[in-house]
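Below is one structure, written out as structure tokens, with a few remarks after it.
Chain naming follows the written order as A, B, C, D, E, F and G, and within any one chain the residues start at number 1.
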Amino acid sequence: MVNGIERPLDVLNNAKGKEVLVQLKNNRQMVGTLLAFDIHINIVLDNAKEIVENDSKRSVGLTFLRGDTIIFISPASMANK
Amino acid sequence: MVNGIERPLDVLNNAKGKEVLVQLKNNRQMVGTLLAFDIHINIVLDNAKEIVENDSKRSVGLTFLRGDTIIFISPASMANK
Amino acid sequence: MVNGIERPLDVLNNAKGKEVLVQLKNNRQMVGTLLAFDIHINIVLDNAKEIVENDSKRSVGLTFLRGDTIIFISPASMANK
Amino acid sequence: MVNGIERPLDVLNNAKGKEVLVQLKNNRQMVGTLLAFDIHINIVLDNAKEIVENDSKRSVGLTFLRGDTIIFISPASMANK
Amino acid sequence: MVNGIERPLDVLNNAKGKEVLVQLKNNRQMVGTLLAFDIHINIVLDNAKEIVENDSKRSVGLTFLRGDTIIFISPASMANK
Amino acid sequence: MVNGIERPLDVLNNAKGKEVLVQLKNNRQMVGTLLAFDIHINIVLDNAKEIVENDSKRSVGLTFLRGDTIIFISPASMANK
Amino acid sequence: MVNGIERPLDVLNNAKGKEVLVQLKNNRQMVGTLLAFDIHINIVLDNAKEIVENDSKRSVGLTFLRGDTIIFISPASMANK
């Protein structure tokens, strides 16, 4: 159970400094540490790794992600692929 | 029959804390417990499971979903696949 | 002939409580009873059934539909497929 | 020659009560009598018929069409297919 | 050389009453006489002809075109295909 | 090195009257002389030539381009294909 | 670890004058020196090189990129492909 989630952005606020899984449109995913976000859901990940079609990985380090390409952001540590 | 639905967001308000089926664009679906939503239809699901093309499942736990990728949200408990 | 349609939303207002056919992008359709709508054309259907490519049906019960996936909404009872 | 067209919406205003051809994205077309429109180019057609890929027809009667799926609206009676 | 073009819409203003080529998304083109436009680049063409993939032609007469399907509008008389 | 670029639109302002390469969505490109632009990145090119998939060319002369189909605009004279 | 990132745009501000990797929609990438950006994430790159599908390269020099085609911007020097 999760407490203290009143608005959707509360989840992102709680996830600051933690690892998140970001699902992008076009079957791209990124994992990394959430550093910042804004109301457009633009986000910044540190130590980001890009995963395309579950296969290839590419380290892109510190990364600015535009919100409109994001499907979901999952900060749950129990996420398994 | 459903009572007390004046505006579309009333359905989401009534579904808080309950399991919902979320149909996303590109044949993705998610099921999970609706924790929060805003006027952009950004939503938060707890214990979310992703279903792609009716086959694969992936548990993503607590998840923030951007509204613009959502086709429909169905809180009906009688939904059968 | 139809009377009293001054603005497009008048059609939706008149269709409240009646069955409608909703054509979505990507060849999805839904039929159900229109309960509510807003200016974004977000709508709520009760007893909704989803039809994909004229074949499969899935009952999804009470459903919130985001407006930007909707092509047309037809409340006409004489609609034949 | 056409007189009295100062702004694009004048064409739609003049076409009220007349048959129009509506070209939608994804190769769909509709023909029907234009009853109403708004600044988002949401429109209402009466006695609407849907034509997909120039072949199949489906009568959908009174229909609300969302503006963002519309490519063009042609009220010209001399339109030939 | 072209004089008096301070803002992009000046080109459309100068083209009123003249033939224009309109390139739409999805490989559609239209030619016709530009009668009107607004800031959304919604336009009205008279005597419009639709050209799909450089082949088929369809006369659609007077036509209202929604701006968001337009790639470019070329009023130049020296346009050759 | 480039001096005096404080904001992105400064690049377009400096490029007025010069040849630019415009990359559009869907593998279209245009080259031409930049005459005007606005904050929506609607632009006007003079002596525009359209290049599709690096092959075919079509002279379209004076052309109004809607901003939302533009990926990038490159005024650099050293651009090589 | 990264310090001083309060808002997403702080990352872009820190990257001014440095090389960045820009992932665009449709499998295009650009590398270049970030000169400027605005709140729409329109950016200017100097000495930009375009990479399509990891293969072809095209030098486009000074380039204005529209924000809505950008997926992510990575200023990290340790990015490896």
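The criterion applied here is as follows: contacts are C-beta pairs under 8 Å (C-beta built on N, C-alpha and C of every residue); 3 or more make two chains touch, one makes a residue touch a chain.
Bear in mind that the values here come from a model prediction, so they are computed numbers and not experimental data.
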Revision key, fill the gap. Separation of chain E from chain G in touching-chain steps, minimised, is 2
Practice item. Round to the nearest whole Å and give the separation of the Cα centres of chain B and chain E. Key: 43
Check your understanding: When the centre of a chain is set as the mean of its C-alpha atoms, what distance in Å lies between chain C and chain E?
Key -> 34
Practice item. Report, in whole Å, the distance between the mean C-alpha point of chain E and the mean C-alpha point of chain F. Key: 19
Practice item. Indicate the residues of chain D shared as contacts by at least two other chains. Key: 68
Review point. So that chain C leads and chain D is second, what is the order of every chain round the ring?
Key: C, D, E, F, G, A, B
Exercise for review: Over in the complex, which chain F residues touch chain E? Could you list them?
Suggested key: 24, 26, 28, 30, 35-38, 42-44, 46, 48, 58-66, 68-69
Study note, to complete from the structure: The residues of chain C that touch chain D in their complex are 1-2, 5-12, 21, 25, 41, 67-68, 70-81
